[in-house]
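Take a look at these structures.
Shared between the two complexes below is chain A, which pairs with chain B and chain C, respectively.
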Partner chain A sequence: MNHIALKMLMGDKGKYIGIIMGLTFASLIMTQQPAIFVGLMSRSYSFISDVGLPDIWVMDAKVQFVDDIKPLQDTELYRVRGISGVEWATPMYKGLLKVRLTDGTFQTCIVVGLDDSTLIGGPPVMIEGKLDNLRNSDSVVVDIDGARDKLGKPSPTPGAAPIPLKIGDTLEINDRRAIVAGIAKVTRTFQSQPVIYTTYSRAKSYAPKERKLLSFVLVKAKKGQDIAELTRRITKTTGLAAYSQAEFQELTYEYFMHNTGIPINFGISVLLGFIVGAAIAGQTFYNFTLENLRQFGVLKAMGASNLILLRMILLQAVLVGSIGYGLGVGLTALFGFAMRNTILAFKFPWQLLLFSGTGVSLICIFAAFISILKVIRLEPAIVFKG
Partner chain B sequence: MQIKYTLPLLAVAGIAFAIFTVINSNQPTPIASAVTEPASAPFKTFIAGAGIVEAQSQNIAIGTPLPGIIKIVTVSVGDKIKKGNPLFYMDDRETRATLAIKQADLSKAKAEVEIAKATFNDSKSLSDMAEAVIDRRAISAEELLRRHNAMLITKARLESSLALVQQAEANVAETQTTLKRLVILAPVDGDVLQVNIRPGEFAQAGSLNTPLLVIGNLEQVHVRVDIDENDAWRFGKKNKAVAFLRGNRNFSVNLQLEYVEPYVVPKKSLTGDSSERVDTRVLQALYSFDRKQLPIYVGQQMDVFIEAPDYSTPGTSQEPQPAQGSSS
Partner chain C sequence: MELAVSCKNVSKVYDTGGQKVTALNCIDLDIVIGELMMLVGPSGCGKTTLISVVAGILDQDNGSCELFGENLQDMSSKDKLNFRARNIGFVFQSFNLLPSLNAAENVSIPLILNGMKRFEAERKAVTVLEQVGLGDRWKFLPSQLSGGQQQRVAIARALVHNPRLIVCDEPTSALDHVTGQNVMTMLKDVAMHKERTLVIVTHDARIFDFADRIAEMDDGHIVTVGGIKAKKLSLNSAS
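Right after this comes the complex of A and B.
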């Protein structure tokens, strides 16, 4: 019987490919669009996840997300350091500063100031040079994407790609000289600005004169210290906000969810993909069943029970569903692979496989359901009519 | 029927590639490790503060009493000096010229004394001669009086010229003192920590942002710890304290409290802006330590941890006692 079902399905190549195309398309949209969405949202907190070493971030109580800097007094660092359960605490400066390039254009960059002696919070991967080089005078570390693109030197031939920054090149940050001492790889941030790392005291000299310049205090908990308890203790003692790394990521993520149109935009694309996929695949599948109604009628007349017919339709649905799903996620992965070195945000967590799988299953169940209704209500006598 | 097999195979390949992408693209970002591990407190509850190493004598910024051009700097950085050793000489040509004038004035005054003495002797002998005449008719009373008065006047002139000599001597002494003040001497035994002047430069009198010379006694160094005023109540004089060298936490040393400056001062870590406002004040405690245990230089910063009661234990402050009955 199963053999007959498969023959029926693949008998008309055009229809067969049509059904699979519909499902592939639905599965592609339901995987690729959320992947871009997840990628984009994960960029909102990529800075936090890149700085992996500290357990807790301490900041002003009114900070809403990672780029919302409300600086603290320098003495707060020592207050935080003096709380029991704190293994160490280091300062961090983070700010947007104007960098003047050799051709006179200005580029806004994220400048990160790391603790002078330990350099905690540095970039995860150094491509050229070492992070220790920051100890040299006026030295900075630039991220590779910024060095290649936005901070690159203008090409001698107009219109060509800029010449990437190299170690030893100079920049001008807020009228002060900076020498590139290393190139780092960082995860792209939401606004994709170049990231420049330097020491805390040098960052303070680059930053415009303000009374308070300490953006974050990075805290490592002592071994065996409960992090949630320590964050509560820090908040209670100093009146500052303290978040664990995950909490701070969530805070930033929630801010983008509630204050930008991104979730709605992507939600609509995913829904459209689902609806269009369901419509195309469902309709084609139903049509296909209608056309094969005669064959089902013959089978029924020959004594095949409803259960057997039902199994046949389900088999057909499962087959086209899995093929469409496989092709869809495969194409999504291919898309991500092709785009891996571009500015596009793309992140493919395993949950997305389940998500699109569920979506495709729903479409198939829907298509199979209406077909099954038709077949069960079928009178075998129809074969002999007309 | 090729399509019978190609599509399912493609689908299987697609799923496999998707799973591969999922596994491959979700590797956690590597964590950048610290270049050097930061210092960590060896106590359960503690106060953390920034310490700066200074000489026991504190760092003495040498000034000059008189402004002028530097002639010779006799010391260089790192020199050991004894109390009273000259540190540098100021240009003294003008003062020496003045001294010559003053000395000439003195010689002149002394010569004046000789003249006054001679005049006095002359008038005195004339007066004595007149006094000695026994027969009063031989000399008129007027002549007698005139000679006597002349003697008195010349005597007064002699005393006056003697006083002028004293004045001239005092003038000479004053110029010599000025001359001595142009040589700056070491006020204590110690080491030269910094030399910011070179011969030919103009040295300003008064308190300067960049001191001319910095000297200090390095045999025993102190570390001056800034404690945030918010934490000052937790500070106890008997509590243990440990200092860590910045850049390598393997260097640490136990501290002994020397004294606490009872006046809470504004924290000095400012941007240098003219409209700077001070909003934090710090209590400064001075600790001493065994210098041989650390490769440390004066002026270096250290991370200091002082054992202290928890925030949750109120009223454990040792001193000063908070003022009672203050109105709310």
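Right after this comes the complex of A and C.
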């Protein structure tokens, strides 16, 4: 009876397409919105991910997330270097500074100061120039998105896109000259501010004068050294917080999850998508069954058992569910592909496929369930009613 | 003579929003194997309820109704379904063909329900469609067929699994006179033989000639059961 179930389903093209569109929409919104959410949340710790080399990040014990800078004294660096199990430890400055652009306007940027001698913690990919160029006087490396957009020079044509910064252009950071010596590719940050890399000592000269300016100490463990053990040892010895890269990412992620409205806002979007998708698909599927009730009655009168009819309805639900799910996921993937080089945050891990798959399955089960109830309760004598 | 249908003291009451409506009131009816019995009477007299009980798709409240010596009410749901699938064919007033299936697929349904493989069932369906004069239209959807042709497909569907009883609900009421006569002629020629029984519910006096006997119903009772001559006499005296 499977082919009959499928022909019944596809016979009414309008209804068939309507059910599939409802499920596609539900599947789309259940993957697209969470993918944006995951993308946005992963940006919250993208700076940590980009600094790949160190095993451990050392910081003030009160730091809650990566942008919550509570500066340390420079002497903390030497204390960390003295702890057994530490292969090397380098300083890092990270702060928000105002950059004066050529047209006189100001743009807040993330300025990162790297260890002068090793330049550890630099951008993951250099597009133009070399990281070593930072050793030249007043030089900085600017991220490509910032260079093209927020730090770009105003176009002479009103309303046109800014002219991207290039190597040799100058900026002004806190009244000090900065020469662009390289363009780098970095993962966009949560606030999507431009990122400017320079040396630690130069960053200190850009930053407003404060007694303490060291943001993080980046630590590499000796070969064979247990990372968890070393973080405990650093904390115990210095009183500072020490996290592995994964722990620091987790700390930042949890902060954004619990202290911002992002999860609840996206949660509402996904929930609404689920409800609207369920309502459209469920209602259309149920209507489809209602309109075919006489046909099911005919089959029942001719000797089709409830089990046969149940299998037919389930098959119909599985088919429309699979097609709707596939189309929804496909559209989400296309959306992600189209947005890959834009400011939009988008990340599509395999867990989202499971999440939306479960959502679409629930909608189909619900729609099939109410339809099955109707068919099971159906009196076959309905067929004799005119 | 062996009985196809034997109803004794059959009653059925519907509860419509707290109001009790007696559809069948102590009905006694015997139909012999090989007979074409027509049930006639005004709307709401209980004809459709009676064939629903006879066909085993509606349970009576009281009395017994045996089909070929078996009481369907004593059977389990599964046995009742199997019995129906094997022994009963249906022809409906509004044809009730599945609109998205072609003629052969529609006709093959009873065979598939009886366990036959799809392609074999469709092959056999085409041979039965040839018997009803639609051999060249087996691929047509119901919407591509005329009313008479659709009813012939429905008759082929009722016959294809060689049932012992065929119940027809107003088989000609949706058709014009000529087509109705043709359908009845074809039904009698193709469907009737000494092992098969037909029960037809109808309003259409023009097809009474096809009946062996006619049971006239009114208000949930069977008023008279007699041959076609008796029925014609009663119609003439009424007019």
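Everything below uses one rule, namely that the second predicted complex is superposed on the first by the 386 of 386 C-alpha atoms of A that agree within 3 Å, B and C clash if a C-alpha of one lies under 4 Å from a C-alpha of the other, contacts with A are read in each partner's own complex, and residues count from 1 in each chain.
Here is the rule we use: contacts are C-beta pairs under 8 Å (C-beta built on N, C-alpha and C of every residue); 3 or more make two chains touch, one makes a residue touch a chain.
All values derive from a computational prediction rather than experimental measurement.
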{"item": "Which of chain B and chain C A:376 touches, first, second, both or neither", "value": "neither"}
{"item": "Partner chain in contact with A:10 - chain B first, chain C second, else both or neither", "value": "both"}
{"item": "Partner chain in contact with A:120 - chain B first, chain C second, else both or neither", "value": "first"}
{"item": "First (chain B), second (chain C), both or neither touched by A:97", "value": "neither"}
{"item": "First, second, both or neither for A:69, with chain B first and chain C second", "value": "neither"}
{"item": "Which of chain B and chain C A:362 touches, first, second, both or neither", "value": "neither"}
{"item": "Touched partner set for A:131, first chain B, second chain C, both or neither", "value": "first"}
{"item": "Of chain B and chain C, the chain that contacts the larger number of chain A residues", "value": "B"}
{"item": "Intersection of chain A interface sets (partners chain B, chain C)", "value": "10"}
{"item": "Contact set on chain B toward chain A in their complex", "value": "1, 3-4, 7-8, 10-22, 25-26, 28-41, 44-50, 226, 228, 230-231, 246-247, 267, 269, 271-273, 276-277, 279-280, 282, 305, 308, 310-311"}
{"item": "Touching residues on chain C, where the partner in the complex is chain A", "value": "48-49, 51-52, 55, 57-58, 77-78, 81-82, 84-86, 90, 92-94, 96, 98-101, 105, 109-110, 112-114, 118, 169-170"}
{"item": "Complex contact set, residues of chain A against chain B", "value": "6, 10, 13, 16-17, 20, 31, 49-53, 73-75, 78-79, 81-84, 86-90, 115-125, 131-132, 187, 204, 209-211, 222, 236-237, 319, 322-334, 336-337, 347-350, 352-353"}
{"item": "Contact set on chain A toward chain C in their complex", "value": "1, 3-4, 7-8, 10-12, 294-295, 298-305, 308, 379-381, 383-386"}
